[in-house]
Amino acid sequence: MSGIVVQNIERAPIDVVDGLGASGVATVHEAQGRTGLMRSYMRPIYGGARIAGSAVTISAPPGDNWMVHVAVEQLREGDVLVLAPTSPCDDGYFGDLLATSAMARGCRGLVIEAGVRDVRDLEAMGFPVWSKAISAQGTIKATLGSVNVPIVCAGAIVNPGDVVVADDDGVCIVPRADAEAVLEKARAREANEEEKRRRLAAGELGLDLYDMRGKLESLGLKYV
Amino acid sequence: MSGIVVQNIERAPIDVVDGLGASGVATVHEAQGRTGLMRSYMRPIYGGARIAGSAVTISAPPGDNWMVHVAVEQLREGDVLVLAPTSPCDDGYFGDLLATSAMARGCRGLVIEAGVRDVRDLEAMGFPVWSKAISAQGTIKATLGSVNVPIVCAGAIVNPGDVVVADDDGVCIVPRADAEAVLEKARAREANEEEKRRRLAAGELGLDLYDMRGKLESLGLKYV
Amino acid sequence: MSGIVVQNIERAPIDVVDGLGASGVATVHEAQGRTGLMRSYMRPIYGGARIAGSAVTISAPPGDNWMVHVAVEQLREGDVLVLAPTSPCDDGYFGDLLATSAMARGCRGLVIEAGVRDVRDLEAMGFPVWSKAISAQGTIKATLGSVNVPIVCAGAIVNPGDVVVADDDGVCIVPRADAEAVLEKARAREANEEEKRRRLAAGELGLDLYDMRGKLESLGLKYV
Amino acid sequence: MSGIVVQNIERAPIDVVDGLGASGVATVHEAQGRTGLMRSYMRPIYGGARIAGSAVTISAPPGDNWMVHVAVEQLREGDVLVLAPTSPCDDGYFGDLLATSAMARGCRGLVIEAGVRDVRDLEAMGFPVWSKAISAQGTIKATLGSVNVPIVCAGAIVNPGDVVVADDDGVCIVPRADAEAVLEKARAREANEEEKRRRLAAGELGLDLYDMRGKLESLGLKYV
Amino acid sequence: MSGIVVQNIERAPIDVVDGLGASGVATVHEAQGRTGLMRSYMRPIYGGARIAGSAVTISAPPGDNWMVHVAVEQLREGDVLVLAPTSPCDDGYFGDLLATSAMARGCRGLVIEAGVRDVRDLEAMGFPVWSKAISAQGTIKATLGSVNVPIVCAGAIVNPGDVVVADDDGVCIVPRADAEAVLEKARAREANEEEKRRRLAAGELGLDLYDMRGKLESLGLKYV
Amino acid sequence: MSGIVVQNIERAPIDVVDGLGASGVATVHEAQGRTGLMRSYMRPIYGGARIAGSAVTISAPPGDNWMVHVAVEQLREGDVLVLAPTSPCDDGYFGDLLATSAMARGCRGLVIEAGVRDVRDLEAMGFPVWSKAISAQGTIKATLGSVNVPIVCAGAIVNPGDVVVADDDGVCIVPRADAEAVLEKARAREANEEEKRRRLAAGELGLDLYDMRGKLESLGLKYV
């Protein structure tokens, strides 16, 4: 089942991808019905990055980063690499040389349920990574994996071409076919939030804004 | 036992609260006999914040942030929200809208043994949070909890009105009744440390400054 | 076996130590055959520090930092303290006063498989620490440990006088006797990487640069 | 705040204690409104034990079991030792000699948020333990703690004399003053469950037995 | 996306299911190319059980077991319940009453990435469970989830009707469509292993049996 | 540094090894000054086994068990295999076929800071294992490691030929050169404990038996 590279994958329109990135993880996650979120141990290696891109997926053996080199060739402008090891591993699959190569192909970042190294260089280069660990542990190039096959990464299903949204809140996956609809809902949500934010800032209470008092009382909430 | 909101809680004098905040977690923890410290997995979502405030406590079901809205109404200038879920949970109970509302009521920050989201916005707003996780995972509003009841948060007992001190070293709880006495000890400690710092910086050894050599020798320490 | 302080330890030449520091953890770890790396839970308390130094080792009981004071006297210009507790512990063994004292003796930093506190002060002082935890929990001075004996810290063997290299990627230990040879290999590696970086930045693929296509094909990699 | 031994504590009537033990952790936890449960990492060292007893509490420094010896003198027939270290620790505070001594005083078991050793002997002796770890790591006798003061153990508040219920499902604490009322509710619950068990075993569905279909439908559950 | 119950799912032939169960997790995992294995934190609540069955899947909110009742109605002889919470949770979703009901419908066991309780009773009943935790923590019935939709459970994709194989080595999922082919390979593997076992037991070395010496030598393995 | 097999290692006399095994982990750990203990996450795959043997060490890449086959050839009657991966890994390196082969050469068990599978078979065969995980995840045979070189396993240094003692309390390593002296101390300790056990069973308190009351009082312990 491994040893496969799928070359022609479909991607969502780049303006949809960019729109999802502008909305950010929390909004997109809500907009698509609270699905697609990776586990909270996936953390950015530096603060402040916010990206979206089309997933080029990698399934790799533990401690073996050969398939990353194979995947780089499949990258197009606007893509994000997403790697899941076939068994749990914290090794440093990726560093500044691979980032140099990926950036040269238009890659916007890396999401990896494993480790990464050269993190100071990656920050200086402006290449963002969300990972499970930071580790200098070197990897080998001995065993085949696959590129652009469906993977499970940090609890989320990722199909090649899905939209990856990542920021300081974590990483969320939007199925390619849903991307446009989710973007619409995300924007509606944002418009709606703006008004709420203004009223809450003015001192109005959520209890009133969301009309919660009656339901709380009916459930028996007691003020003492 | 849940479904209760205690409205009138006593708080420590605000200058005592502020004094404890100025001393910081490590000093306050020492000054009160090394008690009240939360577990070290409680981390700030951004560096550099140092706060103290009176605890408004929240006991909430896993994945349900309804009681946060109820608690916001109980906030006064100088308070800090402290939330413990009734069973372990990493979901994102709190984001920028709730922070907007809490800040409008004078709230100084949030301590939560669960997750939080919109962390980039929270930093931009200057609303500090100490949490167990950062997670965009949404929560619901379906089940009652309680506000201003005693809780156990990250291993520490928190009674409503207790003083919460939080900085980059973590979170420490000072029982309201002890706040003034602890502040006094904290200040004495700081005065004492200043002189020590000066002598150590000048090259004097702790072995001499604290007069340790005799006791170490009597216990059999051998220099080889 | 505890209760011993070894006073005269050998150190690597300071220019070799500094050279290893300039190469950084990832390069040094590779240069010495992927050995000596500490576990990835050893994290810097602030970003951007990169140091190397000669190890002054500490074996200390859980929750007891007495031996740190003993170790400070053994420090020379260019040293790094390395502490392993005799059983797992997160307590805050080290804070700004000890850092003041250590810096007065020329110490370049601390590596500790336990906790540290006053982290904001330590950053302001420019005293870097790699630790397993940040915790304000105070420690006592009751039981002997040892200074400058071999220890296992976060999975790595550390002998007194070994070279400690630490940066944002973690911590790597180079045996003193190997330091010069490892430095040479690290520099060769860096020279080699410069050329690769240039070619990858220009868009050349790793698949071609490292001549991987043939081997991948022979193992059966299929492009579909 | 440490260095105190409270000698005369009140206990719940022994038949109430025994009744709670017969009901078991899951039932008692439900009967008292889903409170008092320790974290799920507290596991029995061997399967099949089910006990209840009055808590004799111990607050002990990390790696120091001196207070266990002090606590043994405070034990009466039907008591259970409950130990929380003042900071997280996995060391083996307790083994077969202490168990021999505790059993000679009528102690029914140990609940410890730390480690225990000689587990094969403890099983052979029939002395049950619920612990966070099994570890042979020895402890010292150097620093005071306290006996029979309120503690937080694995997330639960334990006051001396509270009823400790422990079985294969974990550990639950019943406040002494509530013990009788909780027992009554536990028994009502058990009576109620017997009838349900019979009906479910006969093939009746929970959906019908608990009359859930209407509510599920009204919330929009769709069968496809 | 939640609030759906799929009623008619396809299942693999029962003799294929039973054949996979007889082969066991390690063999089945190998036979299908080392895929489908759940994370190693999924452990049996008691030793010695070995089952296979068709998956009836449950997606449930944290701390809410309502959907388990809904799922029970969908069970047929030979099924296994597989539950994944929508965010990480250790609560005790399942106990002896639900097991009674599930067994009455022919259910062979439960796989749950959360907690379970009444474990002693479940063992006495012979109802095996593989779970992430054992916890008495009660759950509520307030929010919809779904039954028989695709889920990710402990890192593995589970579609309704897939074959669940579970024993002391963990849990492995075989896609329904592959079940027959995997069974064939598993049996071939077993036949092959029998001969190897006999030769190894007789003292033959794996180095010779698998003809490894040449390859090891060519890679440079040195005997000293 | 890898790719080496040391063939002739020295072992402790078999009667010394057996004596240490009879004493057990807790006693041996104490007898050698509380050193050599592995981390408490190293657990037996089944209860009740107690072994000692001479270490044949394995350093293996993550997810690659080739060196286990190489190590089996180096086994002699009374040996124990000890494996540490070069980076953290939970994969199942070892199962019933390797156990068959190892037993045929007189091997007494396996200690592995990784995973193991076929655990039910291993128990039936009476081949004990202490591991970090139980996992069916298969491994490959692609990269060299080393056999009989010094390793760090679960925090303990293990040199080839050291004595491995393992039972339900965990795993302890005794350096070969110290084995005889440690055995003597272990036996003295046991003799001493027998008398203590008798007196404690008769109701004498540790406070009196160990003459602790005076020291506790001098430190300020207060009975209230």
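Per-chain numbering from 1; labels A, B, C, D, E and F assigned in written order.
Keep this in mind: contacts are C-beta pairs under 8 Å (C-beta built on N, C-alpha and C of every residue); 3 or more make two chains touch, one makes a residue touch a chain.
Computed from a predicted structure; not experimentally measured.
Colleague: Determine the set of chains touching chain A that also touch chain F.
Modeller: C, E
Colleague: Quickly list, by label, the chains bordering both chain E and chain F.
Modeller: Intersection of chain E and chain F contact lists gives A, D.
Colleague: What's the call on chain A versus chain B, same or different interface residues, using the half cut on shared numbers?
Modeller: Different, since under half the interface numbering is common to both chains.
Colleague: Calculate how many whole Å lie between the centre of chain B and the centre of chain D, each centre taken as the average of the chain's C-alpha atoms.
Modeller: 28
Colleague: Mind checking the centre-to-centre distance between chain D and chain E? Centres are C-alpha means, answer in whole Å.
Modeller: Taking the average C-alpha coordinate of chain D and of chain E, the gap between them is 31 Å.
Colleague: Roughly how far is chain C from chain E, going centre to centre by Cα mean, in whole Å?
Modeller: A distance of 42 Å separates the two centres.
Colleague: Residues touching two or more other chains, restricted to chain F: which are they?
Modeller: 34, 88, 90, 135, 137
Colleague: Taking chains as nodes and touches as edges, what kind of graph is this: line, ring, star, complete or other?
Modeller: Chain contacts: none of line, ring, star or complete; other.
Colleague: If you go through all the chains, which pairs of them touch?
Modeller: A-B, A-C, A-E, A-F, B-C, B-D, B-E, C-D, C-F, D-E, D-F, E-F
Colleague: Name, in rising order, each residue of chain D that touches chain E in their complex.
Modeller: So the residues of chain D touching chain E come out as 25-26, 29-30, 34, 37, 40, 43, 47-48, 50, 167-170, 172, 193, 196-197, 200-203, 205-207, 210, 212, 216, 219-224.
Colleague: How about chain F: which of its residues touch chain A in the complex?
Modeller: Counting only chain F, the residues touching chain A are 61-63, 87-91, 135, 137, 140, 142-143.
Colleague: Help me check something: in the complex, which residues belonging to chain B touch chain D?
Modeller: Where chain B meets chain D, its residues are 1-2, 32-35, 39, 86, 88, 152, 155-157.
Colleague: Flag every residue of chain B that touches chain A in the complex, lowest number first.
Modeller: 3-7, 46, 66, 69-70, 72-73, 90, 92, 95-98, 100-101, 103-105, 115, 117-120, 133-138, 141, 144
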